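Presented sequentially are two complexes of chain A, the first with chain B as partner and the second with chain C.
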Partner chain A sequence: MTSIAQVQGRRSGIDLSWPTFALLSLILSVLVLLPLFWLAFYSFRSDTGGGATLDNFIALVADPTLLRAYGLAIAMALGVGLLSCVVATPMAWLVARTDLPGRRIIRMLVTASFVTPPFLGAIAYEILAAPNSGLVNIIYRSVFRLDSSQYLVNIYTFGGLIFAIACFTFPYVFTLVANALDKVPSDLEDASSILGGKSMTTLRKVTIPLVLPAMLAGTLIAILQALTMFGSPAILALPAGFHVITTKIWSLFQFPPRLGLAAAAALPLLIITIILLRAQKSILGRKGYTVLGGKSGTPRVTELGRWKWAAILFVFSILSLTILLPYLAILKTAFTGTVGDPINLSTLTLSHWRFVLFEFSATQLALRNTFLLGFLTATAVTAIALIVSYLVTRRSVPGSRFLGVLATAPVAIPGIVLGVGLFLSYANPTFQLYGTIWILLIAFMTIELPAGYQQMSSAFSGVHPELEEAGRIMGASRLRTLWDITAPLLRTSVVAAWCFVFVGTIRELSATILLTTANTKLVSVIIYDLNESGDLGAICVLGIILLAASFAVVFVANRVPVLGGSQMNARG
Partner chain B sequence: MWKKALSAALFASGLAVSSAAFAEAPAPYQITPELEAAAKAEGKVVFYTATDVAVAEKLAEQFKTKYPGIDVQVERAGSERVFQRIGQEYSTGIYNADVIETSDAVHFEYFKRQGWLTPMVPQEVADKWPADERDPDGNFAAYRAHLSVLAYRSDLMKEEEAPKTWEDLLDPRFKDKMVKAHPGYSGTVMTSTFVLSQLLGWEYFEKLGKQNIMQVQSSTEPPKKLAQGERALEVDGNEYNVFRLIDEGKPIKIIYPDEGTPLAVGNAAVLKQAPHPNAAKLFYAYLFSLDAQQLNSDFGGLRSFHPDVKEKEGRTPLSKIKILHSDPAKLEPEIQTIKSNYEKYFGT
Partner chain C sequence: MAFLELDGLTKSYGSLTVVKGVNLSVDQGKLVCLLGPSGCGKTTTLRLIAGFAPANGGEIRVGGKVVSSSRGTVPPEARNMSMIFQSYALWPHMTVFENVAYGLKLRRMPQSQVTELVRTILTATQLIQLADRYPGELSGGQQQRVSLARALVIKPEILLLDEPLSNLDANLREEMRFEIRRLHDEFRYTTVYVTHDQAEAMTTADIIVVMNDGRIEQSGSPEDIYERPATEFVARFIGGTNILSGTRNDKESVLCQSGLVLRCGNGTADGTTKTAVSIRHHDIELSTKPNGANTNTTIGTVTRQIYLGSHRDYLVSIAGGEMVRTVAPVNVAIPVGQEVWLHFPPEKCRALAQ
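So, the complex of A and B:
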């Protein structure tokens, strides 16, 4: 009896992977391919007559404003990637592998800077580092008694833009590298020491190569984020008088819209991204990087000794720039009349709070929509990413790699372009989705899928199949092994991916801006609307509300024991 | 959908006007108890507007006190964004908005051609509004007007140093000092760019573009950048925002240049597919009432075409200012040229 039951259980388990595969292929194809199809269609369609044409692609090479926007966007993205990597890697090492004091707080603070929507960070830096009204410059002038034409920093520049974006993208690199360092077992490093390697040699020859995949993956995410980012460039680059490609594409939607040109202008972004992803693959492909097997020791800790103070200073200055200063600026602006006002009893006011909470009619609706969508998107994406990355990394079904490609593809679609693609796909008599939150849910799922998938698949490739093989040998089905063995091992990653996606959804702006209507307003959009009319006080109030709520969600997700809170705590 | 908006914009301007035969404006209506009751039954009105959000919300509040039980949902964005949004919505069959208002007169010619508006004439408009400030067919009327003004921080710039004319802005001493809004976002700035390019030529903007001007989007924003002290001089921006900031005690002064100051007229209309038709009718009539127009003037600093509105002391009356008028029919075919020239000279 028992043996028959086992056999049957096993059979039904195996059978399940095909329907799952088919269902996922269908979902992902609809999510990803449909908008891409419309994009391709429109890129060959004349903006003026409606017939088939190559004019859009000719304009792409002939129009100097488009080429310039592309050049600047690429330079900006590389700058952001480089800066993020250079800052985040040493910091991650310090936090994961040294006796630096306050490591846990540092991790929490970095998470905080990840939760900060980049557009809010950009606005905070407008408040801090605008050449004349920026608080830093005001202080600088009053300390050195300089006249009003002098300034120390100017955020409305190309360098300023890179800096302001990197402040809020470096956590991608940090998190991935720190997690990888947590997992690198000490045996390899011990071996190096036993063979006479000094600590720097071990670091250089063993530890760094082991975390290289995480570094590259993190940097790549940072580059792609910057390349496809809309909010920060719209806030900082436009005042400086230049376009990056996303803002340029956005400007093509202004009346009269030039959809074909916009679609054509988006395609090179897709190609660049595919090239980058291939490059990453070929770098990583040559080496095996399994770091979490069935047998591993605890990570070893380097003692900093006399370098401790330098390390503390380094970490503190990074955290000041990415967390403390922007947050203080936002707080100050939320409670004083205008940005330039000094802080004293007469300038303190609750007028912005009164306006946002009681006078501004969009607030409540936007908050409700934002959190509902964040929750739905995070749950759906994590579930899909978990199953897809399992199918892909374990190659359980022939052709499963196709799923991985589909799940990564949206990373190449700038949110704003996806917004158009979705608008074209779902705003027609067949799918009456425009004007509902469902079109936003589809948009967010598509946008966040690559992030969720990247997280889950790197977690999967870190878990050696030997553990699952053991389960399979004992007679459990694939899904059962996944559920009983792999999922618990990946619990922290699943929670992290969920939080990633949740936070990513909440701060999404570029696709949202084309897809919201009066009844489906989101906080990010009203912040952007308010920024365009210069209401910084109200923005800061909304920003504080948004941040407080996001922190609460992330905090709860990480503390609930069922979700793996204990592991997180133990690691410190 | 998009195709419609697009082709219409590029080709239909001439065709549609000539081919359509419009009916006479409907008879004026008054706010009757029946209308009020019907509006209350609907309970809500959705207002798409380009007026500064604080002013629009204030107006909504006053409406709600006057007609309790009817909620006003204010959706504020820049004129061109409001236009883009309503275009997206109407071309896909989504009818959220009841009453619409932007500061770009071209939009209303376009709505009218598309047949998106319900003609109706509140009694107040029929009685008091000048004939050229309302649509002869009763589709829309000028709800507000404002100038796009030069202004400066009087604590950062002495009065004798401040510019007196548009040409003065080209002086090297104003380099790095100016802030300006964008014609692709703001209907006001689209209008002002059009009239100034006709008056002074594009060479003027080419030279102005070399002055390292801070570029913002909405025409409500340059006055706020002045208030923050981020820049000392605004090239354009809503006069009404400047009035409001002056009322708050900010050291800002307006300049009405010798060559003239561009005027932007903000029309309002009721949409054909308004989901709350009676509330829309009531709200629309209310927008032109003396109460609302006086509030716009006092709290909002807007100019009104209502002859009984009393302007605050200290504000230069329109009659004393040389005004540059714009003709929406001439502006419409120029939009693409204005945008591409603007990008050439200002970078965005």
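So, the complex of A and C:
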């Protein structure tokens, strides 16, 4: 009997681990390395002749429109980073460390603004602050009885663009700093007080230096997001008459396409991203700040006293600008005839809904494509991430760490860069994937892989290997153990990862915009197209549908314990 | 023939060899303790026996059948062993009852029989009233007992324990040592027990195997290991001892570095010229006057004296600068700096080959 068991054991060891490892290595290499290879290849290939050349890189330095696009993009990103940091840090402190009323709701609202697709935010600000039709300007003119050439705010400017993007990047800084403040143990601050430090001195000399890494890291992420963003600049910068680098790369795809130049222009963006991510990692990884890992004692709470009203006003105005006003603008536009209409019973209409859902031919296809791709991507990424993190954390195959590196790598590839790489890889006679939803599926899988992998591997490291070994030694096979023990323990994390990927997928625009065609329109692309034709009512209807789907999924995820919800509820 | 045999067992991780040719035979029904400092390879040896890791060389045989060798490894689930883990490894999503019943269900036992066996073992381990609790709702000691019950209920051929008591507080640990020995006397499973705590090993084991640096230093009954350590490492690790190194003087005595000649009542001083003498702290006789013996006696100076309630702990410096640690009854109170006579009874001096 033992000898039979022996044979089976040996066979299953070979049958499962190694082929899985080989297959995953292949899939991940195709997903991650292939587009980067073609990107590098095309950047050295002449657009006219097809031979090897350095012309593309020379053009990159010599072409003033490209240089200007890079310069503006970097300036914009720095502006966004600065603004996010300046707004988010005091807000995080107020929420984490003071007796401000409604802290828990504020945290939830800020987290909610994570879900808003940035391009939808940009459109909301078009509705609010376009110089002629913007609601703010209409109200301003009617209050002061000014003529139609006057306006108060104009979103179609460099400053307006920075503002509109920062509204949707400040949650990165806020979340990191608030979590860091939660974890600074009060005994460090008590130690300062006992030595005679007044509360402001303690704040300045102890608390702020301790959360500085989180602040810097959050700001770097905000900068990175702004730099690689396509939607908001395309909506706000193009009418303002300037290009940032992402929109410039997209314009190189317009007729006549200059693929080699696009590839060469995308490479510096890739390099900047890698540098920023490394900087962020080294800041957060510094040994002196390991306190961010542990927790001892509850954080101390500062009483605001007479400053309370000022604090409430500050937080309320930030929340109004980033969440309340945009959402109200979207809601109003979806249910009234035109943007400028006043709200009363006679202007309320469902015509936009009728148009979007029943009359506009592209919508149903786009909705179907979007949710199908969201479902497929979320399922595929979760499955791959699950198996990769199992192989990596349990080290069942030598060399499995390599899989982990591959699965994390796409985090450093901006969407637009990946879009270029995938276009070059698959829009050719060999694959002919351009114009199908499969090229989009590949793009989304690559983009979402790091997020899925990160969630799954941290979930796996939370499951002690001895729990699985106990199953094995009690007589369960490897698969049986996975099913009976590992799977139930990971269920909530799997659900969370799936939802996370799904929400990320249905709002993706920057890679999509290069890979989509008339037959493979997605909701995000339709929104972008409708914006070009100025049909804001229909956009808002589609936006509400996207948001409703996202919030529904997040709600489901939050009902399952261990998710962000529990983190948020830990303290209010 | 022994029931569990390790034959030249070797395990390496990359260039690091952690188990270096271990040979060990365990008879059916015996409890063997693998004892050694952390990093000595004892836990790796246990994991090799369980089948969690493949062996690089040598063999493991159970009942004469090879279960691990460099050619293949029977998976853990096909070995009919069970194990108690350092972390207890109770499945948090199952109740106490479900945890214990899991192994029986895998054996496709009818539900009524499962219930009966689980209730029996839960009663034996005083857990029956906790059957519907989840592991997170139990104290450390209760979790430990659930882990024991889960391992015992499947009637394994071999029971493995990996530092099972290291997460318990001191009082509970002592109690659980006797409990484990009691359960072993009751069920008589062939057991391999890994620990770094010599008191735990002494309490529970039939045979203690002292490991160091991936090798077995010595194996034998607790008395063997304590009374007749084979190497300096074993003598130091078990119970603590004074080691006086020197050279062989004649067949029965050792010339120490201090010039002192010690007659050794046991041990082996032949073979090599370099040798050492081991004598336990409490075997040295301490007095303020010469005791009349003219061999195995030297003079020294008290450099430290500590009152420990049941006895006094002395550190005495002897000629040549060597330090000797000894204990004396509480009423022998000698101040620091005073000269004392030390007598090393020959029958307590053990010569060790180096």
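Rule of thumb we're sticking to: the second predicted complex is superposed on the first by the 377 of 572 C-alpha atoms of A that agree within 3 Å, B and C clash if a C-alpha of one lies under 4 Å from a C-alpha of the other, contacts with A are read in each partner's own complex, and residues count from 1 in each chain.
In the analysis below, a residue touches a chain if its C-beta (ideal position, glycine included) is under 8 Å from a C-beta of that chain, and two chains touch if they have at least 3 such contacts.
Source: prediction; values computed, not measured.
Set side by side, chain B and chain C differ in how many residues of chain A they touch, and the one touching more is B. Contacts of A:Asp535 after superposition on the shared chain: chain B is touched, whereas chain C is not.
Judged by the touch definition given at the top, the superposed model places A:Val554 against neither chain B nor chain C. Residue contacts after overlaying the shared chain place A:Thr517 against chain B, while chain C stays out of touching range. Residue contacts after overlaying the shared chain place A:Leu440 against neither chain B nor chain C. In the superposition on chain A, contact of A:Glu469 is made with chain C only, not with chain B. Contact with chain B, but none with chain C, is seen for A:Ser133 once the two complexes are overlaid on the shared chain. Across the superposed pair, chain B and chain C touch chain A at no common residue. Taken in their complex, chain A has these residues touching chain B: 47-48, 50, 65, 130-133, 148-149, 156, 237-243, 247, 251, 253-259, 338-340, 355, 359-362, 423-424, 427-429, 432, 434-435, 514, 517-519, 529-530, 532-536. Chain C contributes residues 50-52, 62, 65-67, 72-83, 85-87, 89-93, 102-103, 106-107, 150, 154, 160 to its touches with chain A in the complex.
Interface residues of chain B, counted against chain A in their complex, comprise 1-3, 5-7, 9-10, 46, 48, 52-54, 57-58, 60-61, 72-78, 80-81, 83-85, 87-89, 92-94, 96-97, 156, 176, 182, 184-185, 212-218, 220-221, 223-225, 227-232, 335-336, 339, 343-344, 346-348. In the complex of the two chains, the chain A residues touching chain C come out as 2-3, 5-6, 8-10, 12-13, 464, 466-467, 469-478, 480, 484-485, 488-489.
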